[in-house]
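Think of it as A, B, C and D in the order they're written, each chain with its own count starting at 1.
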């Protein structure tokens, strides 16, 4: 099997990452700068590096109540190693949890010529939800999206993708049933501004969530008894009543 | 089911991470500072933040030849979403690949009073390899370990755990069959210096490797045809020759 | 959190599975009969049980060259436990590998009134491939699909879903570019005949593949040296040549 | 990379599994017979096939309260595909949940000359629990273990490994603090009788549990609203009170 790659070249003498000596990167870059380099192929400007830090800090921890946090606790409670627990957590990042970044980034990148009104109409016609809008708790405005956009303006990352993202929000407001731009949508617009392909979208949620999963799995394994089992009182059985196995299925 | 946690508290008004308002963290911290806070419970000093950046950049990309890199490519080549591909990659981080950080950190933290000679003897007696030493390619000295320790000295993180790590290396050299401190061992010593529990060890490899897995999965899905299959020429069949199913197993 | 379920009820006295005492099932059912019961809610007839056996044996092992087989070997070669290796293998079952069963079963179940010609035209118009047809190796006819349909006729499971499946194959043949019904398509038609929801489709591939993954992971861990690494000769670097880190990124 | 295998050989003409034509297996074997063949390399006798069915039916479904059942529901509730949900469930099979089969089978296979008394003493001395004994609910006797051993006697699989397993149980009873042989221990003894390597132990739990995970994931996705989130009332925050980010960490 053959592997073609532009990401790195490693031999006995040195490891080059996107052309740079890995040891030079270790000595000089922040983790965010290095993430930008590995994913994009080029070094970030100072402004992009600042934006990357904000984007990666925003999803870092949102409480134990969400699947990606407690799934890693459940896994490690059964005696699994830390990496298996983190993998279990990542398998709870789907369309309804972090997955909207990818779809929203795709929407912005593939519809850059359109306005919010047109996009909302097209999605309504196709019977689909516009990804990146609405939140269970933040009904009017998602403070995390607002903070990220505030920083984007400060560092002059704010551009046409962000404008489109806000235009959609504005149009939703007019409908009387406002759906605020949420953190997924904001991250989607910002990575589009920095030139990241939408197919990378989920990674900007997954990378920081791994930090959260690590902290939760560690807390579980050091503070709790093994084996997270639900209580009978939390279970409602709705299946058939007890029944006999018919005679023709019996061995004797 | 009840969840006790000291990591965060989230409600409609705000999300507190280790007591700090998440929005303040987004505006002010680098990603490395935030990782330190989430995993340790307290903010890092400037020196610790610099050390964290170096530790997290070091494993960020080591080429496509290692399981954690190519496994994510294989998974996404079958049509899986990015998060499943990353989970598959993380399931290739084991005892022989990144897993030694955990065991080496445990060794340093549980044997701080001993010298290198005693530790090598104890492991030899138990028939176990000392974790964190030796490398397939770097026979004499692992440049990544050296660079990390150089930075540790600059920022005055270098302490007794690092000394013990080097003392073991020195004792191995005396045996005539040198096993250099590798990157796993160096990271293990440094996170011990900063007060991280050894059970968190693997995370300092997993978090940066997720960046590598993302880049490889993305390159695969955008540049290669689907479905990575090995060629017949790469397979050696060593099983039984073709044989008949015995009559008593046949339906007719 | 509350869990409603019709699948089973377990307490100190007994475990009822779909209403039947688990101990009676252990004493009397074959594994295939029990799988049918758990997934469908009712016991299979003798004919359905025979069909289940054939469906579950067909995907049980197809060689080491496919992602779901070798991925489990790679994972266990890094020192992971068996369950992590199997999880890694399952994360290589996607749209291009086993995933077509789900989509083909959906196609049959949602288009039962239509003919093959109409379906091919609709998919062509939508720019989509008809799932369950074509194979890399079997260009004219997939022997596994044929064997399954032969058994289906013997046990009188063969009905309208199978007829539709073959009608699509016949229409493809007329186009001069034949795409034979493959094993995914055949399984999809047969589970539809037995009343399984298309959302269960992938399971009829995953359950037997876990057996394959187990055998491969076990062979790897008992016969091979740890850590599957690709050779330099298998890697083609296409990235930038070595370059200097610009001065403004250097700490000194 | 080179792959040596004795499991199968597949080319354009045919697929041989352990030497037998896969199509012959599809036409003639039950799923349990085929599982035995793939994992062991040889066909089972009728008695072994009956025992395999019983072993594989026993773990097939134990209620929604255990991690391997509800983890797959949580994963699919976030919008993941079925295979990711099953992988998440498998990552909750650890030392405390199904994992004991492997360790108990190892114990029986590596200590076949010893008696129960000696084994209990050796484990006590090493400060380790004897794997395969004790259960949260079944304090005196595990009915699943008993049923499996009853069948083993009927089909004459019952031999020295089973006797050792029961001898350990008998010795525990003498201590006044009885720890009954549980289902994990019983399966471990029985697969040892049939000549399976202990490293395969977990598979006899994982293969049937995949059926359970499939049923639960399917029930979740067809009956419940997306995104399983815990309620605030189920969370107890024990971390620091709200605190200010110190001035030196602030950008302004």
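FYI, a residue touches a chain if its C-beta (ideal position, glycine included) is under 8 Å from a C-beta of that chain, and two chains touch if they have at least 3 such contacts.
Only a predicted model underlies this, so the values are computations on that prediction, with no experimental measurement involved.
In this assembly, the chain whose C-alpha centre lies farthest from chain A is D. Our note on geometry: chain B versus chain D, Cα centroid distance of 28 Å, whole angstroms.
Centre-to-centre, using mean CA coordinates, chain A is 21 Å away from chain B. Remark: chain B and chain C have CA centroids separated by 32 Å (rounded to whole angstrom). Residue positions of chain A touching 2 or more other chains, listed in rising order: 1, 3-9, 25, 27, 29, 63-65, 70, 80-81, 83-84, 87-88, 91, 93-94, 99, 228, 230-232, 234-235.
Viewed as a contact network, the protein chains are fully connected, with every chain touching every other.
Against chain C, in their complex, chain B makes its touches with residues 1, 63-68, 70-71, 74-75, 77-80, 84-85, 87-88, 91-97, 99, 136, 226-232, 234-235.
Taken together, the chain D residues at the contact with chain B in this complex read 1-9, 11, 16, 18-21, 24-25, 27-29, 33, 41, 43, 80-81, 83-84, 87, 230, 232, 234-243, 245-246, 249-251.
Residues 1, 3-10, 12, 15, 17, 22-23, 25-27, 29-32, 34-35, 38-39, 52-54, 56-58, 60-65, 70, 73, 81-84, 86-88, 90-91, 93-94, 98-99, 102, 137-138, 143-144, 147-148, 151, 197, 199-200, 202-203, 206-208, 210-212, 214-216, 218-219, 221-224, 228, 230-231, 234 of chain B are the ones that touch chain A when the two sit in their complex.
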